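Two complexes come next, and they have one chain in common, chain A, joined by chain B in the first and chain C in the second.
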Partner chain A sequence: MFHGMRRKASVYGAMASVIPKIYMAYSLWFWVSLVLNVIATTIFVFFWRAVYANTNSIAGLDLQQTLNYILLAQIFAPLGNMQLIFEFGYNLREGGIAHALLRPVDFQGSYYGQYLTTMVTELVLQIPLALVVTLVFKVQWPTDPRVWVAFIVSAFLGRTVLFFFDWILACLTFYTTEVWGLGVFVDGISMFFSGRLIPLTMLPPLLLVIAGMTPFAQAFYIPISLLSGVKPLSQAPRLWLLQAIWLVALWVLSRLIFRVAVRKVTVQGG
Partner chain B sequence: MLRYTNLYGLFLIQRFKILMEYRVNFLIGASSTIILQMAGLLTIWVVMRQVPSLNGWSLHEVLLIYGLITLSKSLNHMFADNLWTIGRQYIRSGAFDRFLVRPINPLFHLLADRFCHDGIGNFLVGSVLIVYSLRALDIPLTISNLLYLLVAALSGGAIFFGLNLITGTSAFWLMDAVPVMRLVFDNHLFAQYPLTIYPRAIGILLTWLIPYGFASFYPASYLLGHHMGWLAWLAPFVATVLVVIGYRVWKIGLRHYSGTGS
Partner chain C sequence: MSIIQTEDLTKIYRLNQKDPGVTGAIKALVRPRHRDLVAVDQISFTVAAGEMVGYIGVNGAGKSTTIKLLTGILVPTNGKVEVLGRDPHRQRVDNARQIGVVFGQRTQLWWDLALIESLNLIAKIYEIESSRYQFLLEQFSTSLGIKELLPIPIRNMSLGQKMRAELAAALIHEPQIVYLDEPTIGLDLIVKERIRDFIKQQNREKGTTVILTTHDLGDIEELCQRVIIIDKGKLIYDGPINTIKDRFGKFRTITFETCEPITQIKLPPGAEIITPDRHSEERKLALRFDRTITTASRVAAEVMNQVEVVDFSITEPDLPSIVKQIYGGALQGD
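This part shows the complex of A and B:
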């Protein structure tokens, strides 16, 4: 059994290790992304400063708390990135999905390994942005190690929740075949309900309820809230439990949906 | 001119035939940008329902600025989006060669090759925002205001096109222009909000170097009755200059083109 697990870890690890190499192959994009992120962060900072020019507090958050949340959200933006819709679409068009399905490894498992590696790689690539944001915009990093533990556990659970949801949406590409519109559509919804643009506590009650019913908030808002102090550390166990329930429900659902949807796969190219 | 207009019509018909092959995809694509814009708009609405103004700008004034930049962007998005793909789709593969052996302007051919239906969503969002905010602000839709809006939107669209043309031409040397294009294009996000919320240096940048301010802030300020002086009327000139420079840069790039594919 131990040998089997080692073999599996080796296979999935090898597939996942390709991800950092892909990123390193396009170094120009690294620098361009840094500049684009600095532009976006600058806009956010001045927007929020202008918002707080006439008030001291919104939904119980002062300017420094809100800025801290927004800046940390910018740095940890890869936690909320979705990729499987475009990935499945590309593989359908190019024919690569036929090879992927024939491999003697769990199809979903291999993608999960790559999903986590992509997130870690993208987070490492955010380090220069973190330095810029720390030096220029004076973001306040938490000093309590327990906050970091709560954040890391929550980020891992949230990322897994998002993976299974992304997987379910990606299965739709087996029916729609074209993915650009679907991808942009989901991006728009996720952008707002993940809490990437605004701390979700500022939402009116109805939108807050809707946000709570989406997995985007689980993947992004919960970990960033714990890290920025918007949610107190004492709530962490309850939030983890909620994320775990999401995780199990979406895992089961994603397996069921894939089993049905895979019958519709029509490879367009190759 | 008439020949090119007729040709564009023919290209457009072919494009719509292709798009209509996948009707659901067409609808999702056309509406997808609406959802994307809704994320930004909802954020503005959520925040501004709790504060009286954004540094002196009311919600409807901010929406007017947002609507103007979105409408300008949509014109470029619908009719000149193919500039984004010149490197990846045409130069790398050698497909650009076919533009050079046909008896029409290669730039025209590139642009006419793909009408981008994703821009329709932006066009609708921009138009609705402008009409809604003008009504909310009690700014009458007189003939002169409508003409000013038309000129502002067309100039704004041309500013987007001119800047994209200048940066997109880098594909002739780099094989892929998207990184360079994004470095300039993403600065339009500043112009979604009043330029007065930023430090002066950003205002100068958005006025004189990457002049997206003329696609939103200056026309909106004029319509709102703020004293803008001659800056309120500069957009068509800025747009013309950018397009002329862009076309010259394009011609230089064209001379450096050497096919890479087969």
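This part shows the complex of A and C:
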């Protein structure tokens, strides 16, 4: 069994190792996105300073706590990136899905490996932004190693939750073969309900409840809240459990949906 | 022993129907309409281990859909398909280990990676033993001439280079069956020749079963002893290529461009005029001759003795015309 697992890890690891190589094939976009991220972060900081000009606290968070959350959210933005809807759509349109299905590997497993690797690669590429933010805006990094452990576990669980959710939505493209509308809609919803723009505690009560019922918050808000101190370390085990429940439910659902949806695959052209 | 079996294999696509324009788009949104397209219609055949079978038909005949059903990418609407004793869709992963596929119009290689990186990755995915992989890489580098292509990213390759790289990627794990869907499309004669030789070599040395779809009858003649012809999803011929060649391949068309309009001409036995008719003022003369009765040089010499010829060309019958004749019942009674 151990040998089998090692073999699988080697195969999926090899497939995932392609991701950083593909990122490194083009360098211009890296510099462009770094500049854009620095500009966006600067705007966020000045915006929140203006918001706090006449108040000391919003939803229980002071300016420094909010800024810290926002800056960390910018640095760790790749935790909330969704990619499968557009990827499946592209592969269906261009016919690449045929070759993807012809690999002798578990289709979902291979995509999961690549999903995690994409996140890690994008996080590594965020290091220059992290340096700029640390030097210019004085972001406060946690010093307690337990906070980092809580963050890493939570980020891993959250990313997996998001993967299964992304997968379920991507399976819809087998039926629609049109992805633009769905992709843009999900991106928009995710922007608000993941906590990438503002800490979720600042949402109106009804939206806060809705955000809590979506998997976006599991992938982004929870790990960033633990890292930034918006949520205390003592809540970590409860939050992990919640994430694990989401994970198992979405994993089962995603497997069932894929089994049905893959029967609908149409490989375009020739 | 047959390793591929299909029985009444049928694939029906459900297509959305829209009227043109914005009104049509809105109508389709409110009341969607569909129509069924039968891409593969109750096809039954078997393929034995080591066979090289040409699977031919005009565009839209259902060739590629059949290949996708055999590989397990698509699920049949009706009927049965079995490859190496498995249901290729239900047992997709096990089936995928034993087959190789080249789709001439799309790549299985990683666009931004050097060819060697793609091949190394494929070797990992198929768990090819390291020394065996090195041996095959060396062998393929020579027979496909890809040694100098190994460090080049796929996106920088020409069509011919890409196709040789695709073949290496599809066969490096030594599959029992290889499906080649138009592997020579758009390639020049030299590359075609190299690819055909490589396929023959794999079949000869490893007993690889080859299912080949193509529009190039040259590929079929070079590689296959048997052809399956489909039209509008239906199987219309399954048998030896010699029958097709004897029946349809014996005719050639020779077209002359002449200095003067031709009013009368004497032809050798086995040749006949197609166009123009004898009273035409045209300066072009198209003849059809039977290669088993006469030769191109005899026909050309006879014509050139009688009229001044500016230019001439010889063409062989194309696939659509053969399929058309077969579909019209041309093989009945053979």
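Note that in this section the second predicted complex is superposed on the first by the 268 of 270 C-alpha atoms of A that agree within 3 Å, B and C clash if a C-alpha of one lies under 4 Å from a C-alpha of the other, contacts with A are read in each partner's own complex, and residues count from 1 in each chain.
What we mean here is this: a contact is a pair of C-beta atoms (placed from the backbone, for glycine too) under 8 Å apart; a residue touches a chain by one contact, two chains touch by 3 or more.
Treat the numbers as computed from the prediction; the structure is a model and nothing was measured.
Q: Residues of chain A touched: more by chain B or chain C?
A: Touching more of chain A: B.
Q: So, does A:Ala40 touch the first partner chain B, the second partner chain C, both, or neither?
A: first
Q: Which partner chains sit in contact with A:Ile22 here, chain B, chain C, both or neither? Use first/second/both/neither.
A: second
Q: So in the superposed three-chain picture, is A:Pro204 touching just chain B, just chain C, both, or none of them (first/second/both/neither)?
A: Only chain B is touched by A:Pro204; chain C is not.
Q: Figure out whether A:Ala98 sits in contact with chain B (first) or chain C (second), or with both, or with neither.
A: second
Q: Looking at the overlay, does A:Gly181 come into contact with chain B only (first), chain C only (second), both, or neither?
A: The first partner, chain B, only.
Q: Between chain B (first) and chain C (second), which, if any, makes contact with A:Val265: first, second, both or neither?
A: Touch partner of A:Val265: chain C, not chain B.
Q: Who does A:Leu116 touch here: chain B (first), chain C (second), both, or neither?
A: A:Leu116 contacts neither chain B nor chain C.
Q: Just which bits of chain A does chain B share with chain C as contact spots?
A: Touching chain B and chain C on chain A: no residues.
Q: Which part of chain A faces chain C closely enough to touch in the complex?
A: 7, 10-11, 14-15, 17-18, 21-22, 25-26, 94-99, 101-106, 263, 265-267, 269-270
Q: Which of the residues in chain A come into contact with chain B in the complex?
A: Per the stated touch rule, the residues are 28-29, 32, 35-36, 39-40, 42-43, 46-47, 49-55, 58-59, 176-178, 180-185, 187-189, 191-192, 197-198, 202-204, 207.
Q: Under the touch definition given earlier, write down the residues of chain C that touch chain A in their complex.
A: So the residues of chain C touching chain A come out as 13, 64, 68, 71-75, 89, 92-94, 96-97, 99, 101, 103-108, 110, 112-113, 117, 121, 124-127, 153, 181-182.
Q: Name, in rising order, each residue of chain B that touches chain A in their complex.
A: 22, 24-25, 27-33, 35-40, 42-43, 46-55, 118, 179-180, 182-183, 186-187, 189-190, 192-193, 197-199, 202
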